[in-house]
Amino acid sequence: MKAIKRIGVLTGGGDCPGLNAVIRAVVKTAIRRYNVEVVGIINGFHGLVNDVMVPLNEESVAGIVHRGGTILGTTNRDNPFRYAVEKDGELAFEDRSEQCIQNLRKHNIDGLIVIGGDGSLNIAHQFHAKGVPVVGVPKTIDNDLSSTDYTFGFDSAVTTATEAIDKLHTTAESHHRIMILEVMGRYAGWIALYSGVAGGADVILIPEIPFDLGKVCDHIRARNERGRKFSIVVIAEGASEKGGEMVVQQRVEKSHDPIRLGGIGQEIAHKLELCTQMETRVTVLGHVQRGGSPTSADRILSTRYGSSAVDAVMAGYFGHMVALRTPKIVPVPLTEAIEMKKVNPQGQLVQAAKAVGISFGD
Amino acid sequence: MKAIKRIGVLTGGGDCPGLNAVIRAVVKTAIRRYNVEVVGIINGFHGLVNDVMVPLNEESVAGIVHRGGTILGTTNRDNPFRYAVEKDGELAFEDRSEQCIQNLRKHNIDGLIVIGGDGSLNIAHQFHAKGVPVVGVPKTIDNDLSSTDYTFGFDSAVTTATEAIDKLHTTAESHHRIMILEVMGRYAGWIALYSGVAGGADVILIPEIPFDLGKVCDHIRARNERGRKFSIVVIAEGASEKGGEMVVQQRVEKSHDPIRLGGIGQEIAHKLELCTQMETRVTVLGHVQRGGSPTSADRILSTRYGSSAVDAVMAGYFGHMVALRTPKIVPVPLTEAIEMKKVNPQGQLVQAAKAVGISFGD
Amino acid sequence: MKAIKRIGVLTGGGDCPGLNAVIRAVVKTAIRRYNVEVVGIINGFHGLVNDVMVPLNEESVAGIVHRGGTILGTTNRDNPFRYAVEKDGELAFEDRSEQCIQNLRKHNIDGLIVIGGDGSLNIAHQFHAKGVPVVGVPKTIDNDLSSTDYTFGFDSAVTTATEAIDKLHTTAESHHRIMILEVMGRYAGWIALYSGVAGGADVILIPEIPFDLGKVCDHIRARNERGRKFSIVVIAEGASEKGGEMVVQQRVEKSHDPIRLGGIGQEIAHKLELCTQMETRVTVLGHVQRGGSPTSADRILSTRYGSSAVDAVMAGYFGHMVALRTPKIVPVPLTEAIEMKKVNPQGQLVQAAKAVGISFGD
Amino acid sequence: MKAIKRIGVLTGGGDCPGLNAVIRAVVKTAIRRYNVEVVGIINGFHGLVNDVMVPLNEESVAGIVHRGGTILGTTNRDNPFRYAVEKDGELAFEDRSEQCIQNLRKHNIDGLIVIGGDGSLNIAHQFHAKGVPVVGVPKTIDNDLSSTDYTFGFDSAVTTATEAIDKLHTTAESHHRIMILEVMGRYAGWIALYSGVAGGADVILIPEIPFDLGKVCDHIRARNERGRKFSIVVIAEGASEKGGEMVVQQRVEKSHDPIRLGGIGQEIAHKLELCTQMETRVTVLGHVQRGGSPTSADRILSTRYGSSAVDAVMAGYFGHMVALRTPKIVPVPLTEAIEMKKVNPQGQLVQAAKAVGISFGD
């Protein structure tokens, strides 16, 4: 195996608290532990296709461990294997992966670290199949990647959502209202589940458990009868009613887009007002969940991922992703890694949530 | 003048951080400084009409200075002078003010402290006209009451909105997007103005300054050309486009209701996407702005208001409201107090905002 | 096995964010899932000896998931097996465990849940040896209990310490100073290690890695030479210098006591000023680390522990403690559980910390 | 009067949240409103003496409104009129003010904005006396400058201290302890007073009200007798006992230095333990109060100060400081401005604090 002398790093997909902490740990570990250079690839795979790269040293990453966003920029649109170009005035898709490989060679990059979600890690996997020495770092605010106990950014998103629920509680109590919070989670309800349990929600609706709105109404009415004249409902954007009415078919891509179609929060608010005769109010957190300073737990996890990713590159674990198997970070094959992890309706956390009185509408 | 022996206190209108701190200061000041009893009236004027009252002592208000909500409950619907009743199966309105006065007499309440916004203070004023010894405490999250420098709760709402802008900044920067934050403010844009300046927004749209959407687009495009590839837009729910298209006529009552009509945030997002060709995302904060623990500034202001309200009762300033005239709290006649205070487009703060590059679309 | 009809619950030892969330989950799970009654024992084992108990229902635990402290009160002094009494004007110790067992019988308590740290769990273990049907819930802000991945409260304490480091960073940078933060951790350095990594500290001193102050000075001077004119030093209160000078022998008991002896933070500050000639400032966080609202992660963990503890009681896992073995909560024998878990100097986290440039003075 | 074409700006004295927001507003207002250039002077007056300056444009100040610290650096030691130099191996002081004036001329700086506390504003005043066109911006975390309602940074410091008190409350309540928080305030007790009122403290000790420790003990004992088995004591570092015992004479300079002499918090803790027989714990916040992101209120105030300071320069208000006279920012002569503002023991806030049951030990 050829000695590694220069590592490239890029961030792909949606913004996520902790990205900068990963980049910082990659740069510092490479330089300090292995005396290896690091090159930052700008705006994710867009920079890899178009050869936009900058050298990174310790100064480049000083003071960023607590900052949200990514100093490298990111996009969630550019796939080198299906790269959008204009051809004869029409949109067309081309494979630009060879161009990427040439760009890596041109810069003498011996190892590539891809920090991204399922989309980016899939691309990383395809590059590996073509011989690129790539290591992945799992990034998804939704925590929906299998093979790792937690993804970084998730704890920060849950914290933001929980703070919102805490605030809704006081006003809900004072006013005898239903307060709805719509949070991210198109295919997996982890943010809704965690923030709902942490915030003491009364109802949690998630994609993995299709709900019966009648049961939700019954639950809220039963609370009223016990003298609890308000209810907090947390809804993942991908939640759907039993029988499928609530499923919004247009949502074909995985992208968080709270402005389209009015949002499920408003639909359910309308229906709950009708069936409970209670005033109902909606908060749509949107991208607030992706932003801000990462929590301490996310900064630690990000630092460990970044440092371990360099270890994995140096040890030749190409085609692997670093994964948290508490308490260790271990390399796992990308093929295993990119499966989606859904909330298990029979799992301990859902059962604990039900034990403390939370309804999932099932 | 008859010696005061028992004071009643109620909270009316929407929830607001700091209500509990006011109640606590009323109770403690009455008991400790004046040896006077305090009676809490439950759920605002509803409790006054229906005689739902509880004695309050120091134990009742221990440990609540930092809690959101109101231990007395509140409603924003019950007006004793126009009280909704069902009569022969139809909704009708009756004057129940005499009943209230009898309830006050029955409980030997010599002074009534009404903590509320323009609606509640108007009712307080009407009671005073009928001889009730009433003192007001100004409460509106919107900061739109004249005669007082600040209302309590406003700083907390601004803080919540500013934290949301801070979070949107990182994701906006990473993704080159327009991020829209819709905040409260139907008739006055104080929350949008303050949080927009504090959060470093690029555009602030408020009811007091009708905007030209073309100018907003120009501003965002000019930023892009200078290399600032993202923009943060803060919109008060009552903002309206020049020429009046954006004015939503249904909003006749003053009540914060983010679920109706899709919201102005979504309307503007749609238009901005069209004119700038940039991805645009919306966050609707809703009642999160009303909840949570009050800021330290709001707790101090609330404590001072509560304590001064008791002083005002004991000194016989009936028909007055306590008001902040920095650095003093002074009594001002309710008649003056309940005028609305709007943002002055020529005022120093708007001018400072423009000086740092914020567009108001005018 | 006798059917369980009534469960007792107590909190022992130092305050810890999440205690209320555990109590709430115990009460709700017992009532809702098993239709079993719950009795709260006041002020830890003191209440068990002296028969101070209150019935707990759902109303008792409404709205407390986010509150710090414990609604049951706690002490860290009362050991029923060695209970301090005054006898003939002298302090003496008596075994009052039989009295406790009679009190449990008197109240028909069939299962006892003890929420506590190593001290309280040791007592729980002794009670179990005498036939009391007891289940433990691990509580220590220091995270130093083996057998469980994490104890609740730890994430909250780390978050508080990390926020302090974040604040010290800006002032350290502006002034070219050494900023020292003394945090809890008499025997285990988990809080210092986690908050130091999360906060981007430059030096972390913990009990598990005796330090050489000369190396700490060298590290800080090397930073200065690279143009980083400030340094952040996080010190666990139990850290000690190689050769043992810094070991403070009086600290025989495990109790957090930042006021005694001036504190190690001040000692090291003094020495660092001498050797680096840089201005040095100290913050002693003290009990701020034990207080406040638990983080969302701690609320979830606490809820799961509380719910699982009831499951363990109902399934007859007496003499066991519920423990987190990510992603599951499982019962483990108390005998195993109460061993101390120390930071492993060769472990991944310390190694990642060193990789990002943090010195441990070794 | 000569037209202004280039403005210099420097930050002097201790770090303070909001400095960056002032600098940003100075730069943006100068460029956008007046088309005037801005030069940043590095490390306060040190950079003015030694000619270390950098041009500032809009890019230099992008994204810093919410950041603590100062991008220009600061020192609190360099006085150009009494500049420390080494002469024949001895420390000597020289007047370097002429050198500063030459440096200003060399860079064609027509207006100098000095952001600082009483020390820096005094120097600014001396420069003005020598003909330098200087405008001041009041900066002190202690809020102890007369002529302005509030200084920026103060609200942030109060918020940090209040959050600490909130956290101490839960653990104090659970444990029946006295919790002491030592905060900044050598000569003025504003931070202690504001945070103590906001946090619901039981005792506040400040320099303006010498205290009788016996009265403090009586107050705490009286609380115990009423069943409130804990107390929170907030102490400004400059508080002193009646009769003067507690006065620490070594504190001759105005500099916040919590590491010297053990601290007043520890002294009082020791005495309170003796007289109340209650466990007592101390937190020393130290420079945590100076750091971190400014509150929204401080960001707004800072933005207004910065923008108004440029207006003042352009309007020729030299020898003046911008000051908040709610709701306006106005120029006031520096001679008036640099008087110290102390807490008035007969003022409304102290009286309100007493009304809600807070003891000042007098």
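Lettered A, B, C and D in written order, each chain numbered from 1.
Everything below uses one rule, namely that a contact is a pair of C-beta atoms (placed from the backbone, for glycine too) under 8 Å apart; a residue touches a chain by one contact, two chains touch by 3 or more.
Just so we're clear, the structure is a prediction, and the values are computed from it rather than from any experiment.
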item: Cα superposition of chain B on its sequence copy chain C - rotation in ° rounded to nearest 5; value: 180
item: Per Cα centroids, the chain farthest from chain A; value: D
item: CA centroid of chain A to CA centroid of chain D, Å; value: 41
item: Gap in Å, rounded to a whole number, between the CA centres of chain D and chain B; value: 31
item: Distance between the centres, which are taken as Cα means, of chain B and chain A, whole angstrom; value: 35
item: Residues within chain B bordering two or more other chains; value: 166, 169, 173
item: Pairwise touch network: line, ring, star, complete, or other; value: ring
item: Residues of chain D touching chain C in the complex; value: 14-15, 17, 19, 67-70, 73-76, 160, 163-164, 166-175, 179, 257-259, 262, 266, 269-270, 280-292
item: In the complex with chain D, residue positions of chain B that touch it; value: 24-25, 28-29, 32-33, 58, 62-63, 65-66, 149, 155, 158-159, 162, 166, 169, 173, 194-195, 197-200, 226, 228, 293, 295-297, 299-300, 303-304, 307-308, 310, 326-329, 348-349, 351-353, 355-357
